[in-house]
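The structure appears right after this line, and notes come after that.
To keep things simple, chains are lettered A, B, C and D as they appear, and every chain counts its residues starting from 1.
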């Protein structure tokens, strides 16, 4: 049973002035949790900004894959929690960062770069091309899939060269973007997936849901270390002939 | 003085039925050679399919950067010459592969992959985004530049993960593509650049010309080895304490 | 059931003057096949240089992971068969190249580089460090394991930068080497593993056997395409506003 | 003129109980500054932990390449200064991290990983192999060079897969290590170089000095952006035919 923890800041969906409230009345995290919990091999739990302090070392040690959605309140996530998430990824926990989480503290810590991009909200259609058809995260999709409206994200995307560029997005307004990227960081696998603006029903899209299911299964830990930040000082093992 | 050798198969431009003849009456190689030879630090020479046998070991040893354009006659380039080019890149010669050279023998040998892509000729406008603004090949450009009409190339592009994705292309018809990519192969630098269909005046475009000038300067050799395919058998250097 | 095909040139083991005959009287392929066939989830078959023509498209299409050992007769493997292997890896078949297969034709085709290294036969002890403890191929090992005697392989190793450097080898005589490396090539996974000189009982070593079992399971195909070398020409999908 | 800024914590060299005092009476930074300042194309200045607050945005904007040596006082470098250094590297400043700076805050921020390793002080000889002979940082060296005594650093080295592994180190006591690694981060180039323990005269070694000179020249900025952390919101450029 793969144990998933979903963090969603859960602010837009409570804002009466925001369309997100109609699309995800219980929050993006509830939408995602329902998707995962309907699978026989997955079990998902959630935290929000209000309960962010529940993200403890122990909680993460009991999490296989962390899924993160944040946007307007990145700055309110305590630095200590961002550091905890980073360390647990390095120790082996998987992590899937969604959409505006490109500027989430744990993602930025894991990348080490600006994670900047250009963006625009103008109801552009997005077409998402599979650029790595052999990657586990891309299985079950066609050559591409489309979202009738998404926030536009565009290059340059300020990331380290990805291990694999799984998706490349195309927007009607003229932008192109590396929309799905993977990185190995320590023992942990990291996946960034661009779609998912809060004012569009992106996480109800059948192809997006396939990608999310693929992604959490792909990010499952292989091995988790203890104290992966340590620098051990082992004794000399080999007697050599250099004047000894 | 950086010594450039341009290979162009020079077939489309001699075909009375092809628009290429009007755009590049002396061939794409002549257009490129004139561009390079107008620079004080560059000197360029050319070969075509007709003279492809002039690509000898000695000629390549006296070449700093090879620029390659081919399309309909990839199969007519002798395997031995493709192997020579590959070896000289591994020894340190730079190589710039243009447009349909994604299926040229030397490029495919250096990549080891299918180098496949999807394509269409329908006069799409292309917008080329700079995705690595710090890369030498992208200097002097804006955020993006546009070509009023180009052949459409689209993902998946069957290449090994590039060292750097310098450009990402967007086409009106719905395609997106990693349009500028770099790879280190042995001691040599390789750059692939997607624009340049023979029926459009792409190589007369000011931004494309900037990219070409940047690319050959970037690809200049740092070090060239002799016999880089060899596996030397050096004697044991260190006496160690393992029962010796 | 993961279907493994083992290629071994099977020459050293038939040479009365070679120690390999005593260590692997039925050939390295028989040793490896027995290892794999003792596992409930694996089934292995073998070919040798003598039967190399059995490596057909159909045979490879029914192979999940190809394991390759070759040394003195790399040149006798037909170019067409090397090309077939390359294409099937690109289509999704896994491939594990062992020891002197660093100069095997299919490996060199997939890398595109010299694959050169330095070497020496002087019974050096090798210590193999795990440098990517989170990688599937490294599971079940300690911090390092040792081989009492191996042929020395040393840097520079003429390969493209690996996706992951899983093992780094240390030899008493003074060499160090990237002894376990992975590359994604098309849809296929490639693993190179340095130990395995024919005159030492390396493939009887418990840790080496763990690595081999891990490697074939890791290299299992995710997706296999048909005609992965093709460049499709799809029709225009999107009507855009650019003067159309 | 390439403007170099050297940070050295300068603590060991003031400790009467430490051999470093005899080797570098004016500090490692003074040794390095003298090396660089003797070159016609380089000019170097220094800061130490005592003057670390001189590392301001303005100072870094006037620095082309930052060289960093730290060990026991990584924790005393203010987080704000580490963040400044990270941002200026992303904007285009080069950075060279030496020896125990693998755990320096700016390096760890740029990598995003544990940067852990194993180590031992037992006067092991180190042999440093050139594994990327074509890299600018490796020019002018032989196949390898040796240091009669160095602190031992060993794998696993907790770094993201390097763009290029330029050096691989071998130690008499049985360790091997990726001793020279490069990464592109944003617009900036990063080089890590393992030798340089404070109790050995490593920075007086002729080959090490060649590497240092190569490294700062290689890391010179190509392009520096303003506000590289920003996410611009450009207007829609292309009118398309999607129901608009």
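As a working rule, a residue touches a chain if its C-beta (ideal position, glycine included) is under 8 Å from a C-beta of that chain, and two chains touch if they have at least 3 such contacts.
All of these numbers come straight from a predicted model, not from anything done at the bench.
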Contacts common to subunit A and subunit C (chain labels): B, D
Co-neighbours of subunit B and subunit A - touch as defined: C, D
Pair sharing more residue contacts (C-beta pairs) when B-D is set against A-D: A-D
Centre-of-Cα separation between subunit D and subunit C, whole angstrom: 35
Where subunit A and subunit D are represented by their mean Cα positions, the distance between them in whole Å: 30
Junction residues of subunit D, two or more chains touched: 118, 127, 133, 143, 154, 161, 163-164, 172, 174, 184, 186, 234, 237-238, 240, 242
Complex interface listing, subunit B residues touching subunit C: 86-87, 90, 103, 109-114, 116-120, 122, 124-125, 154, 158, 160-161, 163, 172-174, 183-186, 228-238, 240, 242
Subunit B to subunit D touching residues, read off their complex: 92, 127, 132-136, 139, 143, 163-164, 172, 184, 186-188, 222-223, 225, 234, 237-238, 240
Complex contacts: residues of subunit B adjacent to subunit A: 118, 127, 129-133, 143, 154-157, 161-165, 168-171, 174-178, 238-242, 244
